[in-house]
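Shared chain: chain A. Partners: chain B in the first complex, chain C in the second.
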Partner chain A sequence: MLQTIRRALTSSAGRAFLELLLVILLGVVFNADGAFFKVGTHRDTLRQASTYGILACGMTLVIITGGIDLSVGSILAVSSVSFSLLMMHMDWPWWLAVIACLVLGSALGSASGALVSNAKLQPFIATLAMMTFARGVAKYITGGQKISTYVTQGDKVIIKELPQIFKFIDSRILGGDLSIVSVIFLVCFLAAWLFLARHRWGRELYSIGGNEEAARLSGVPVRMAKFLAYTFSGLMCAVAGIAQAAQETQGDPEAGAGYELTAIAMVVIGGTSLAGGRGSMGLTLLGILTIGYLQKILSINAVPEAGRLMITGIIIVLAVLTQKRRTK
Partner chain B sequence: MAPLVSMNGITKFFGPVKVLDQVDFSIYPGEVHILAGENGAGKSTLVKILAGAYSDYQGRISMEEREIRPSSPLDANRHGIAAIHQELSLIPSMSVADNLFLGHPMTRSGFVREKAHRRSAGEVLGRAGVNVSVSTFVEDLPISVQQLIEITKAIRLNARVLIMDEPSSALNAHDVETLFALVRQLKSQNRGIVYITHRLEEIHRLADRITVLRDGKLVGSALASELPEKQLIHWMVGREMEEQFPRHTLQKSSEALRVENLSVYKAGWGHRPLVDRVSLSAGRGEILGIGGLQGSGASELFLGLFGAMPKRTVGRVSIEGKPVRIRSPREAISNGVALLTNDRKATGLISPMSVIANICAASLGKLSRYGWRRPRAEVRMATEMGRTLQLRAASYDMEVGDLSGGNQQKVAIGKWLSTGPRIMLLDEPTRGIDVGAKHEIYQLMNELTARGISILLVTSEMPELLAMSDRIIVMHRGTITAEFSRQEATAENVLEAAMGKINGEVGTTRREEAAHAADN
Partner chain C sequence: MKSILKFALCAVLLCFLATMPTFAAGRTYVIGMSQCNLGEPWRVQMNADIKREADKHPEIKMVFKDAQNDVLQQRAQVEEFVSAKIDLLIISPKEAQPLAEPVSKAMAAGIPVIVLDRDIIGENYTEFIGADNVKIGKAVGQWLVKNYGGKGAKVVEIMGLQTSTPGQDRHNGFVDAIKGSDLNVIFRADAKWLEPDARKEMESALARFDKIDIVYGHNDPSAHGAYLAAQAVGREKDMVFVGIDSLPQEGVAYVKQGILNATFQYPTGGDVAIVQALKIFAGAKVEKRIVLGSRLFSKANVDAGGEAIK
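Coming up: the complex of A and B.
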């Protein structure tokens, strides 16, 4: 019994779970006059973590190959402004706009993928370039302005009605206890989990991260698998961008700045190794919840932003230290 | 004679596991003390304690009557103890000279004296007989030269006790000679040398004194002259081994593999081919041995055949009479070709992944349906392979990197057996594994060939090559210099051919000159 508990606690999952429990315990202690015990708090925690969580899904796949994707925030912005533009200014049918955004996001992701797998650029460099480029694309599309329901026609400004799809994505189900954005996140999570845990592509990603040369010599299609990982990450960015546009009821070319760091932190706190080859979607889920709850607890206790950032930084270090693999 | 160092009653735990149990070990000046035993016997742990890598041991270490307790590698160095480990500790991106002075630089008011470094490095290397420019980057040198530099580094520290943990595992026959000369030189300077090795040949040639460990316990210690080989092997494995090599019998059969004029080029143009118009054939169930020294091109021949160097390989290959084009490892696998690489850590296994994942790594296609994996089929495959290979692992879910060397190699072999190969290219299949596991791998090779699988075997261990091969071809600088039947082959004529002798003449240069003449 004791042995089982000890083994559970020394596994990556056990430690990630312990971190989450500690953060929740923090919430129980600093419950802001019972605010922490309200269902709404937990619903909002999940909703607010969802956008980051969607990015973290793609990020996990990329990090498991031993890579990194810095471009997620920028691609999110491209998707967000494109979706707003197509829906609010050009009145496209919603499904066509969604497909267009998903294709666009995947295309940008696949460009990073091609740079990494074919041109053999380091993932950091390739996605740093894409991060800059995509931010430029977002600003180019919008002319640097936010896209909202205020539409200039000639010299008149008219206020359009917010498209139905925006309202729907920002709504809740289950008597208001579950946000649609969270449902979208859960679907993305399930897809990423299925690929990683149950598809041969997932196995290939792990083997590439674990030992790329051994993977190549075992017949793993290394280039294609990596290319697809970045493409998948781009797709996730597009999804997150659509969700972001709906939540903000506008398309902001500055949206998503710094999101890549939160997404990376979520993956790493879960215990997925930046060196590649080790990790899982389950761990990422624990990481997403840990950071999500931490943010929420700090905000309901009205900790000012300066303190929030410092505490988050410290928690990341502590979490990663406990995750460090003990070497013999 | 008084020992230089004596270790008494050394006991060490890793967690709850006792890896060393009351071991006594002494090192005498001017002697090579061979430390032998199967993998996992505790040899490396014992010498690591002496080298200061673990300070949480029980027992006493004394050096010339004074008790010492090495607390770190640097502390051990201060006591005059230096270790050369299996994993090299050189920095690849720094020059030879900088590496030699790493951690102990010559300085003047805090600034490194570059010129003095280079001069002194040249001297030390010259004395050791290592012929290399001191400003070369270590990463540009072959692994064998790196190993010699590593040893030179220990000599420079003026160590009185040198610990060498399998120093020859990456060396070819010629470099081994340089190493041995170096060891003899160290001996004549009255230093004490601890030498860990798996190779009987080295034990014969070097040992003054032999100590054997098994399962963390001292089995015996004796002067080499008083310890017959049979007794030594008995000590190591705890059971008499009838023969070191099981005899392999070949039934004459049809041709499985034919290679004509295969050439493999290095990246970029204008290089001499690594493999130059090689032709060979192998029958079903045959073991074709390929002999050669470092740089013979045998490993590159394998990579070329396996499609791992697609743009730089030309030539015709046919399998069971049908011409094939292999442009990637994938195509090789689907044509029934398997390649066991010579370095399981770097190119064979994916160490952070489980035993199951590694065994199934090359046969995922076969084990999946529409790309979706079938975990149960994978477990079944791994269990079957584990049984065939007598794999010893606490659990098949454990990371492969945590297994012992012999068991890691079995996993690497299992990965290829699970693809159902017709032709297996085995590059150093027994490197760095213990006697027992070696024996099991030889048995396995016999079983596989009895099932009709053809094996191409590259090995740097001459006895292994001679005993396991039905036929031997020898390569030198990318070309075949000789072919012997099992009966004709002797250690002498194989080695001669490996060093470039064709019909008693040094032939390769002549051939290269001819090629040059043709170019001009």
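Coming up: the complex of A and C.
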């Protein structure tokens, strides 16, 4: 019995769970006059972590191959402004706009994928280039202004009604206790988990991350598997971009700047190795919740910005150190 | 060989002749505009204001450059403008210290310089045009005290980046104005001018306090983000939302839609810069500093174009 507990605690899932518990304990102690105990606080925590979480789903797959995707924040912005433009200014039917954005995001992701798997560029460089390029695309589409319901047509200015789909994505179900954005995140999470844990493609990703040469020799379609990993990440960015647009009620070409780092931190804190080959979606979920709760607790206590940055930095180091012991 | 030379000579002469009519019809003036960063809607608006005003004067030819938030790039752009011998330079500098030197070189080359929005170190420019954030922050505070004072109102302040001067000024002016009143700031957070961050911070404030009467956002997107947070829990009707900047497609549109109760304009000065440039071309003497006035847009006056604040 004791041994089972000890084994559970020393597994990477156990450690990641412990981290999350510690952060939640932090919230129980610094509960900001009871604000931490309200249902709404937890609902909002999950909603706020959802956008990052969707990005982290794609990021996990890429990181398991030993790669990295720096372009997620920029592709999110492209998707967010395209969705707003198609819905608010061009009045497309919502499903067509959603499909267009998903295709666009996947295309940008697959471009990085092709650069990595076919042109053999370092993932860091390839996705850094995509991060820059996609940000340019977002600014080009919008002309540098936010896309909102405030539409200029020639000299006339009209304020349009916010499209229903925006209202729907930003609404809540289960008596107001669960945001639709969080549901979207859970669906993405489930898809990523199925691929990674239950599908052959997932096993291929692990074997590529473990030893790419060995994987190739044992008949794994390395190029295709990697290409698809980046494409999936691009798809996740598109989903996150739509969620972002709905929550902001506008398309901001500057949206998502710096989100890539939060998404990477979530994956790594969970215990997925940046060297590739090790990790899982379950770990990423724990990482997402850990960072999500940390941000919320710092926010409800109105901790000044300088303090927040220092505390977040320290917690990231502590979390990764706990994970590191395992590899002895 | 000779024929080629002759041809070239003729071509050059023809070019001269082609440009003659413009000389005859009066001079054209080339104005260079060095914008520090077009990543912010407010600065895009500044360029648009310049362009709109310049388009009214056919003798003005505008050249716009964007330094993409890079001091050295902006420095290089100023040098390019100087070597292109433009007639006047408008610069909205990224930083005060590093751009003082290139600007003074432009002045030395006989190019008048109008500095927009952010100041530079020293006095070696023709004219500075900018608004005063402390004054605007103060105006927000005074307006709130006048309209909502006397009831012990509880205020949430969603601040702009507190390591930036505009963020500090909009905070300090506000604090100064509500001193001695019964307005009580119960929650302050730095949302770094970003709407998603503002929404997150406001959600925390809502979770913590059951009674919030006033939300002051240091820019309109912050106030809008706070509104969305309050709306999500059905509490937006209990609160007054006030923002700053008043871009036509942001703050002013929010007031028209009934999202914000008021927005205070932080003018770009782009149009004023062109008016002043024409004065300089005409040889008139201009003031060293122009502090732009602000305007208040509220539900009552937004359709009439707002009212000026003294």
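The rule we apply is simple: the second predicted complex is superposed on the first by the 324 of 328 C-alpha atoms of A that agree within 3 Å, B and C clash if a C-alpha of one lies under 4 Å from a C-alpha of the other, contacts with A are read in each partner's own complex, and residues count from 1 in each chain.
The rule is short, and it goes like this: contacts are C-beta pairs under 8 Å (C-beta built on N, C-alpha and C of every residue); 3 or more make two chains touch, one makes a residue touch a chain.
Note that the structure is predicted; figures quoted are calculated from it, not measured.
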Task: Partners on chain A (chain B, chain C) - clash or fit - done: fit
Task: Which of chain B and chain C A:S148 touches, first, second, both or neither - done: second
TODO: Examine A:D33 and indicate which partner it touches, taking first as chain B and second as chain C; both and neither are also allowed.
DONE: second
Open item on the list: After the superposition on A, what does A:N211 contact: first (chain B), second (chain C), both or neither?
Closed with: first
Open item on the list: Just checking: does A:Q164 make contact with chain B only, chain C only, both, or neither of them? Give me first, second, both or neither.
Closed with: neither
Task: chain C, chain A and chain B - angle at the middle CA centre, rounded to the nearest 10 degrees - done: 130
Task: chain A residues touched - chain C or chain B, whichever exceeds - done: C
TODO: Aligned on chain A, what is the least Cα gap between chain B and chain C? Give it in whole Å.
DONE: 36
Task: chain C to chain A touching residues, read off their complex - done: 38-39, 41, 44, 162, 187-190, 192, 195-196, 199-201, 203-204, 206-208, 224-225, 228, 232-233, 248-250, 253, 256-257
Task: Parts of chain B lying in touch with chain A, wherever the complex brings them together - done: 14, 306, 308, 328-330, 332-333, 339, 341, 346-353, 357, 360-362, 364-365, 368, 371-373, 375, 415
Task: Touching residues on chain A, where the partner in the complex is chain C - done: 32-33, 35, 38, 40-41, 44, 48, 139, 143-146, 148-150, 152, 157, 159, 170, 172, 244, 247-250, 252, 254-255, 295-296, 299-300, 302, 304-305
Open item on the list: Which residues of chain A touch chain B once you look at their complex with the stated criterion?
Closed with: 198-204, 206-207, 209-211, 213-221, 273, 277-278, 328
